[in-house]
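As written, the chain order gives the labels A, B, C and D, with residue 1 at the start of each chain.
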Amino acid sequence: MWLNASCLLEFQIPVPTPFLLMLRPRSGRQQWIAREEYVLSPSVAAAEFTDSFGNLCQRVVAPAGYFSVRTSVDVETADGSDTAPWAPFVEVQQLPDETLPFLYPSRYCESDRFTEMAASIATGQAPGYNQCNAIVDYIRSSIRYTPGVGQQIISASEVNQLGNGVCRDLAHLGIACCRALSIPARMVVGYLEGLEPMDLHAWFEAYVGNRWYAFDPTQPNMQGGRVAIASGRDAADVAIYTQFGDPVGLLNMNVKVERMPGPPY
Amino acid sequence: MWLNASCLLEFQIPVPTPFLLMLRPRSGRQQWIAREEYVLSPSVAAAEFTDSFGNLCQRVVAPAGYFSVRTSVDVETADGSDTAPWAPFVEVQQLPDETLPFLYPSRYCESDRFTEMAASIATGQAPGYNQCNAIVDYIRSSIRYTPGVGQQIISASEVNQLGNGVCRDLAHLGIACCRALSIPARMVVGYLEGLEPMDLHAWFEAYVGNRWYAFDPTQPNMQGGRVAIASGRDAADVAIYTQFGDPVGLLNMNVKVERMPGPPY
Amino acid sequence: MWLNASCLLEFQIPVPTPFLLMLRPRSGRQQWIAREEYVLSPSVAAAEFTDSFGNLCQRVVAPAGYFSVRTSVDVETADGSDTAPWAPFVEVQQLPDETLPFLYPSRYCESDRFTEMAASIATGQAPGYNQCNAIVDYIRSSIRYTPGVGQQIISASEVNQLGNGVCRDLAHLGIACCRALSIPARMVVGYLEGLEPMDLHAWFEAYVGNRWYAFDPTQPNMQGGRVAIASGRDAADVAIYTQFGDPVGLLNMNVKVERMPGPPY
Amino acid sequence: MWLNASCLLEFQIPVPTPFLLMLRPRSGRQQWIAREEYVLSPSVAAAEFTDSFGNLCQRVVAPAGYFSVRTSVDVETADGSDTAPWAPFVEVQQLPDETLPFLYPSRYCESDRFTEMAASIATGQAPGYNQCNAIVDYIRSSIRYTPGVGQQIISASEVNQLGNGVCRDLAHLGIACCRALSIPARMVVGYLEGLEPMDLHAWFEAYVGNRWYAFDPTQPNMQGGRVAIASGRDAADVAIYTQFGDPVGLLNMNVKVERMPGPPY
């Protein structure tokens, strides 16, 4: 399907403030960006680099006053996310080098604390995809999904204790459990068509059957219409914006995802 | 200044043919891409990767029949290219690691054959920027610039013997001479506002005074309005498209660069 | 000074077990490896890769039975670690791209929880090196260094509550506080000549005055004789060995650092 | 088999001279380095980096006077090089991204000039490994291998005209022909056990059947005992040493490869 996905961020900046932005979806095997707008207002010099996860990042110093970042993409993406029940566990020695960082604990995914819990959830499951599915089922039944409730980022341990969380929190818990089973898992931030209420979304991917598969503990089935913006070890790696110095007010954030009848031409 | 730069490639494809495309300018310290369109027609799956020079490359299999690639960017770029007479030569031991590949001979820049000639051209010049300038002056006075005359890619040695060439050829000669003086030099392919006749353009950059500076042997002064699309060791690294298998006809190529009154909003 | 530094790890392996090893110091501007031994016993096939932090990592499947890893290097390293009181804070917009990952919170350095504490410790200090020094002074006076007491890895928050820790824990706390001040900070694991009792050691580095400087909260002054083995965001990135599957017993670990009269020839 | 391979380079340096060295074999799936010595005499500060092909490179400024570089490795390597007749051609669109640079023409492998010749040599061969083998057979029958005859580096076109060459030249010709058939091919410099007369050696690898296979036009069969030191597009990428500034005399170069009874312990 073809989608137009857009995000507007508006700030009121008291003093010139450095930002790091991560809002540019990249073309890849799962999605193709045919048209992209990326407008900083007022227009300021920006430098771009690619981080170690392959995300395109922009560095900018926002001037004092009103500052906005507006991005919009026309993108072709799959109608349905691939699923692969019974896709096998990949032995650690067979994993591609680049998947290894996603085996370790990270800021919000303390996988070293989930060894027992993950083993218990996965009991009786075929190693690999089915274990991941069991983890997602566990999260769906144990953690209440509370979309849109803004909060400080909490870790997998904390969300597990709290019993509810936003999409990001549920993804953290899924990632922590997968890693505890020696399955590489990573966080994805992006757009999801039809999300209610519309917002940026987070899900996770696990590496089984020799590729990454998407899992989304907040949605009843693995519908498509996904546009990945950035991926990393957890929310610490994939903040769509990071602001340094004294806290700055986000006046407004507006996310839209709309079906297009076809390619943009 | 703000520019809209666009390139349309149209092909007639006899059998499905793999292409490698390199047509996406990236935002960096010299230019900022605010809006980009990238349309393949008919729409086909494409995969993107970043090569070792930092260029965004797309891999695609063009289906049989008519196939076009259309790219368009709104970009802010400098009104004038930076110049820095007397910027010093950087001792090899002080060069950043990533500049070193640009010291070696490459396919079309046989710098190993230019040791004497480069030394002769640079005689009496302060090491660094002024040497590069002397090389550009030499090229301007010795090699006739023949824009738009399509031909097989020839090497720096060949253009030096032939006495005339397109922008790419003159850049190759400049690069070969700079490297022969142990100055890192690289090829840049991009847009240049006001180029006559309008086409894609090629120039080169040399690393002196601790940064890259642009040099353009085909233009009387270092005017700005440049949009770099790709950079590499020579034309072998920065072909805007590479086609594999049996040769395919390029029906049409259309390049435009137009001033915009301001940012695209 | 010239040092011979060696590490022997001995395991009893119940079933073939994948390991990831990170025990090879690399030559760099701070140290030069003139001779290296790297012996796996029994000899097994190993594959090596470089992680995103530049560390050399080996992947190996240890066979059942006795398994040892022995590494030994002859290395030239500085007599004293560089210090630079008053070296200035680097504005975020001026930081090199590759330092940015070291600004974010990580598994064991929850810098997002140390904003107030770090600001309080650094009050009145010149931004940059002196702030880092104040953090080290704070750690020295508040956290008891308890070398050699093995334990589960704890985070900066946890060590701050507990009031004591091993070298790794004190480094985590230092890193978390630096990052909370927008100073990139990273963990280093390595050898330290004269350490009592001898063991592998951990310290941290902070990026001020346009380079990385070493800080060691466990040692009274910044003596030299350091051989960095690996660096990363925190202990999750720089485990000298990571073992997957059922836990394996470490029979013995033996670390030695000895002065050499000169280079090994 | 276990080998000890060593290389000694001795120079007389008139004035301090920057060098780039590429003499450190790396552990990988084909070879495992158990012990390594790397001695610069006199001892000088050196900095190391990894180039875009994965080779470990050292940067050093050799002081005036006698200067030597001595490297020695104990390495486990295969008894015989893998061969795979009928291993299939990999369609360009299926090639891993990292193999693509090895499809393009390079300084000494002007594959763009070998389209017809390569097609002619490969006529009737199954696409893939057998084509590479036909190229090697062609080189063996048409180009006289003249080991040890030092000379300026010449390109594939030049060796093809000349009719004789050293190992490096024959490898260049093989690479150029493979690339002309859209088969990625790269140069390897390394040690070969039993080479007569003993020297550093060069061969090439081609990517067919989803992996790299070694080909050696100078040897009657693909014997093992190979230790790869560096790989790249051609000799311009893999010089074991590159010296900048005024030419320096190489007093002596001594290469040894000896069987070891077993691992070094």
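Just so we're on the same page, a contact is a pair of C-beta atoms (placed from the backbone, for glycine too) under 8 Å apart; a residue touches a chain by one contact, two chains touch by 3 or more.
The structure presented is a predicted model; accordingly, all values stated were derived computationally and were not measured.
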Taking each chain's C-alpha mean as its centre, the one farthest from chain D: A
Centroid distance [mean C-alpha coordinates] between chain C and chain A, Å: 30
Gap in Å, rounded to a whole number, between the CA centres of chain C and chain B: 43
Whole-Å gap between the CA centroids of chain C and chain D: 36
Junction residues of chain B, two or more chains touched: none
Arrangement of touching chains [line / ring / star / complete / other]: ring
Chains grouped in pairs wherever the two touch, ordered by label: A-B, A-C, B-D, C-D
Touching residues (chain side chain B, partner chain D) in the complex: 18, 20, 49, 51-52, 57, 59-61, 91-93, 97, 100-101, 103-107, 109-110, 112, 153, 182, 236-237, 242, 244-245
Parts of chain D lying in touch with chain C, wherever the complex brings them together: 26-29, 32-41, 43, 45-48, 50, 54, 58, 70, 76, 263-265
